[in-house]
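Both complexes shown next keep subunit A, but they swap its partner, so subunit B is in the first and subunit C is in the second.
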Partner chain A sequence: MTNLMDRLRAMGEIPLVKMSAERIRRQWVDYSFLGAFFLLILVAASMSDVFFSGQNISNLLRQIVTNGLISLGMLVVILTGGIDLSVGSVVAFSAIVVSGMINKHLPLPIAIVIALSVGVLAGAFNGFMISRFKLQPFIVTLATVGTIRGLVYVYSETPITPLDQSFRTIFSTAIFGPFTLSILIMLAAFLVALFFINRTTAGRAIVAIGGNEEAVRLAGINVRRHIILAYIISGLCAALAGVLLASRLGIAQPSLGAGFELDAIAACVIGGATLGGGGGGGVLGTFGGVLTLGLINNLLNLFNVQSYYQQILKGVIILFAVLARRSNR
Partner chain B sequence: MSTESRNTLQMHGICKSFDGGLVLRDVDFSAEAGEVHAISGENGAGKSTLMRILSGAISRDSGEILLDGHPINVANPFQAHRLGIRAVYQEFSLIPHLTVAENILLGQMPVTKSVKWIDWPKANQAAENILQEIGFSGLDVRSRVSHLGVSQQQMVEIAKAVATKPRILILDEPSAVLSQEELKRLFTLIRKLKQDSALVLYISHRLDEVFEIADRITVLKDGQVVGTVRPKETDQSTLIKMMVGRALSEIYPKREAKARPTVLAVEKLSREGSFHNISFTLGRGEIVGFFGLVGSGRTQLVRAIFGAEPATSGEVRLENRVLRLKSPSDALRSGIALLTEDRKRDGLVLSCSMGDNISLASLDRISRWGILNMRRRNEGVQQKIQDLNIRPPESKRLIRYLSGGNQQKVVLAKWLLTQAKVLLLDEPTRGVDVATKVELYQIMNDLANSGVAILLVSSELPEVLGMSDRVWVMRERNLVGEFTKAQASEENLLAAAAGVNV
Partner chain C sequence: MTDTELATPSGSKKSRAERLSTIRKAWPWFFLILMVVVFAIISKNANNVNFLNYRSVQGILVYATQILLIGLAETIIIISGNGGIDLSVHYSLGLAAVVAAFVMRAMFAASLPPVLTIGTGFLAGILICIIPGWVNGTLVAKVKVPPFISTLGMGYVVYGIALLLSRGQAIADQPDYLAQIGNGNLLYYWPKHGFTFFKVPAGAAPADLQQIIPLIPNVVAITLLVTIAVWFILAKTQFGQHIYAIGGNIQASIRSGIPVASTLTRAYILAAILAGIAGVIWTARFTSGASNAGEPTLLFAIAAVVIGGTSMFGGEGSVVGTVIGALIIATIQYGLVVLGQQPYWQYVTVGVVVIIAVIVDQLGRALEHS
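The block that comes next holds the complex of A and B.
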């Protein structure tokens, strides 16, 4: 045992100096969130026989793919101290574009690439306006919410049903256990993000920009380029979510995705992110947030609770999460 | 000299310490109504601290304050206002998006009788009357404060304080941003206040001003009163001696003076409104001090050499290569690093860890294809933590939980990790405890001995004298003199910086 401790210390995992009270409290909050999460699962399992069924787990996982991907992009933007309200519109845009392209008989991969490019363009536009003209992210993306939604309706006023059946089946066929391709894509995205944020120069720069933009600029880092990159990542994630959602629903409505940004922001905040910069938040925390929100939706559905009550409860949980973390800063 | 009983204001045995450092030690100060009393001293002598205690902005550790012989308690600015004590500081306390009239009448805007709406005609008239009365007419009371120039804002600030007819008016460096014309009007106002038997406490770096307006001058040094003199009975060089007369202590490492090959050559560098036609050289392993009063353009100069605010003309050569300095990354690539004067504002990312901060400026150096080499990063960070003796030596600790001295070491570590050949240090020991100061001096000395060229910008005379092989003095955006180590003394540096002949 002591041997193990020594080795851990040598690896720098356990500091020799006593942890500050501050850090203990922060970790306590993280652990208590984790505890609450497992308690929730326990309650769910004891009250419903269906909960642990393969069908339900698969449903739960498939349902969190959309919010999972959007939240991941949102996290990257929030880390820079910004926010991206336009993700819901981007979801609709990419869903309707991918469906439209498929119905124009373009090969599936090309249709998907075009849909993803739409998200990249939207993100690049947001990031350019914000970093080039020093505009507030909230205002810029609030404006593009409407603009992009308008473009969606210009593209098609009516829902589009992708006629290619393989587009529906490829993402939703189980590969092993309850894991479909769409779920695996989301999990892979989280792994990539984990690596990107912690192990790349761009990731570290993005985290630092949220803390002190001027210090980052003086460290010889191109701040503008990294802010644009963050919004591109957010747009790309939202577009990917749109493609997978169109595949799952089998129909792309121009009104799709309204309000999705709120769920994504909620997941990030539950995961410990601070809006407006100032650090906190990470990929794992956000995954926890996504899972928690998904679990609550799933449970309330199992117990046939009306969706209005779901919204009320979600709001209460977000406020509780923010309150619990407030004392940490 | 007046008798004790006639003194309107008496401060006895005032002590104050910040972060364990004694800023005021047992200060006795008294002044009477109807006089202009100047307070002089070097940066950090404790002038502003003493005035802030009097105006309730900060609390004293011990000592008592008497007004008309009665002890008073000024725990906050509000109590000070009620006692008739008003202060005008260097930082503005105006609300930028309100009008001049609103700022002057803040908290006492006239309202209409019927519905309690703001009575704008009345408010503007009242504000105009106040400005007229104190001789500041010509300001448009309807314009927003944010639309005014700095000097006009200063006038509004003074007007706001004077409008309350204070018994004691504290002016902390009021002339720093005023034009000659505005200064004249301020002096007229001060003389009028004097006639109305108010007490004016006047802090200024500019000795000719002090000699013109003050009836008495109290000199502070290292938080202690050196003495109180009358301008008529003394001269400026005597006053400077009182302000600085101190031997260099042994906290500075010994440095040997010798000729060194030039590394950095700055030629006719200018930036409109910031600095003008600056030329100097910096040798390999040399420490060159830059001394000047606040606002002399030193900070803008080093920021230009670093590419943070590029110069508009002139050139910078590093090892005989002309550099194109349009951004900090240009400077860093050439081997120039800048430690900025305010570490919290633009030196540190407080929400990140020590390791992230130390490696921030070297991310390109420790990565390939944009992917960090974590082993190299951690080794580099650990090495700097050891070299600079940063406490606690935990690279994962968040910066905000470190002491000021260790935070400053982290900023320095960040620039050292870039392996810069030229270090521009802007006030590197500001807000740092004495023990860390000594460590930082030792580190600078070691760096210079290893061949790094250091440009040391500092407002602390002892530091400039103790560390520098040569000293340049800046005044009003120009370089006004070069002193070798042998020539430099506190008197002639201060005289050159203030534009006085000793």
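The block that comes next holds the complex of A and C.
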């Protein structure tokens, strides 16, 4: 009996009274994070007169597009109880492929579709290996980090500059206010993810797999297919981030994206996601995590703090976030 | 032997499982031999280079040192189980390299005696790593933060501090005798003249240097000693056995009175100290310290651990396995360099080998239990 209750609770079907104290605590943490976030903005605005300028807001938003998209894909994978370390390499792969395809005079949409399918393929491979052979996500994606990075260099050892100027301008022209197309794409992705995870069968199944894979299997849901889907989403998001990054930077380096996976994991964790299954974490929380990291980078840049401190501060914030959200089991 | 086993029906199932287990444990050895043979054949045919000589062995061993030291650190942590992984050791390596380089540069500038300079520099580099190791251990063991996150956060902090100390620059101006340690050999053999320790024979003219065979690189000797020490700790001490027990079943360990928290804390400190040793070796080899010294090592080190048969679920694994794993990775790296391939092929090959290794491991386990 208790076993069944556990399963259902893991699938999020029955809100148990026992959980409520924990839930209230979690909400408290969420609210205090939100409070700290606004406090940070207030402090920033009072100390720097350029912070609220349209230019700075636009910069801030454009800078978080990359991490935002990667974190979104990472969140979906983390919800299944996995991890995707290969996203940084996928960013580089799609950035360099889209630039290469543009320079081969392919139409822009086709070049972008090819770059995105590269990410889908990488994700499908990760997901297939993990679900078919029951391998550890950490190991498989760590191996594909190297393999995909190698393929990037096989494709081009030297940076590629996309020569088509419209590729650069289309994503970075402001559509209204500080919002460029790249920012709108990211925001749209977050809205789609919000709907996907909370309102679709596949999304609910992905969340449930992270809670209790066996229960989901017994409920007659194809676990393998949903795990592959999660990694495909992660690969697709990373590839999209790569395309937008190549457009923003105007050059695609084969070394691009190293360490991006850590920033994405950090954003998810700050947003409340728990690694290795066990629930927690949502689209809005992840967006908060992305914004927080972006805001800190932005502030430290505004106040001319050396980038070394950014690393330290990022680490401290991750540790602080995990400590605050630690459950008292 | 096999015949008698097969003859007894009751023992036949067990012996099949045992044989499979033996094959699963022995396959890294076969794989290592296979890699060497493949590289020997390819380099002979393609570049007409002889791969099978002492220079290759030495090259592979030197390549293996850093992977092995970080690999040993990961072996200890991964055996301790419960999601154990240390994503900060390669940054600790960089921190140790930077600190050691700082101390040695300062002491060399003050023209202090060489032994004191090297000793203090190395010690400072290794000891500084105790701090991140202790923080990691405390976070994991006492505060119960998942190892992945706590070491990820600590990794950022350690890397930031190393960057801050070095201002993102390589710390050069090292004592000239440092290279003798980092790139020198324990033993030199001059045909017809005999052996000398630590130094090229005194009477050798520049023309003779070609003949002199450097035998055991210092860094290999140091790594070997450290490896034996780690093997001893894991296999022969109570502390080591506790690490296996905790990785195997943490609840049972708590109930049987094993000091889980302090054992885990010490495990993370030990891992960080190994990273520190790798860091000062890096400083000695390249006669400079850099915050990004450990950058590519983590992937290769974890690959070595996985290929060596250490279970990512904890409680299972061995130092010998990691040594073979490190040798396989180093053979791939060195072999591709000999073949004149670009460094990125190392990543592709190692990635593929890791995937093959985990699949073989998984299938082997499945067969054993079938």
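Everything that follows uses one rule, which is that the second predicted complex is superposed on the first by the 305 of 329 C-alpha atoms of A that agree within 3 Å, B and C clash if a C-alpha of one lies under 4 Å from a C-alpha of the other, contacts with A are read in each partner's own complex, and residues count from 1 in each chain.
Here is the rule we use: a contact is a pair of C-beta atoms (placed from the backbone, for glycine too) under 8 Å apart; a residue touches a chain by one contact, two chains touch by 3 or more.
Remember, it's a predicted structure, so these values are computed and weren't measured experimentally.
Q: Based on the superposed arrangement, let me know which partner A:Ile110 touches: subunit B (first), subunit C (second), both, or neither?
A: A:Ile110 contacts neither subunit B nor subunit C.
Q: In the superposed arrangement, which partner chain does A:Val269 touch: subunit B (first), subunit C (second), both, or neither?
A: After superposing on A, A:Val269 lies in contact with subunit C but is clear of subunit B.
Q: More residues of subunit A in touch with subunit C or with subunit B?
A: After superposing on chain A, more of subunit A is contacted by C.
Q: After lining up the shared chain so the two structures overlap, which partner does A:Ile139 touch, if you call subunit B first and subunit C second: first, second, both or neither?
A: Touch partner of A:Ile139: subunit C, not subunit B.
Q: Tell me which partner A:Ile312 touches in the superposition: subunit B (first), subunit C (second), both or neither.
A: Once the two structures are laid over each other on A, A:Ile312 reaches subunit C alone.
Q: Does the superposition put A:Glu214 against subunit B (first), subunit C (second), both, or neither?
A: The answer is first: A:Glu214 touches subunit B but not subunit C.
Q: For A:Val192, is the partner it touches subunit B (first), subunit C (second), both, or none of the two (neither)?
A: After superposing on A, A:Val192 lies clear of both subunit B and subunit C.
Q: Under the definition above, what is the set of subunit C residues touching subunit A in their complex?
A: It comes out as residues 83, 85, 139, 143-146, 148-150, 152-161, 163-164, 167-168, 299, 302-303, 306, 312, 342, 344-352, 354-355, 358-359, 362-363.
Q: Mind listing the subunit A positions that touch subunit B in their complex?
A: Listed in rising order, the residues are 12, 15, 17, 20, 22, 199-202, 204-205, 207-208, 210-212, 214-222, 277-280.
Q: Touching subunit A in the complex: which residues of subunit B?
A: Residues in contact with subunit A: 306, 308, 327-329, 331-333, 338, 340, 345-352, 356, 359-361, 363-364, 367, 370-372, 374, 378, 392, 394-398, 401, 414.
Q: Quick check on the complex: what are the subunit A residues that touch subunit C?
A: 83, 129, 133-136, 138-140, 142-147, 149-154, 157, 262, 265-266, 269, 274-276, 306-316, 318-319, 322-323, 326
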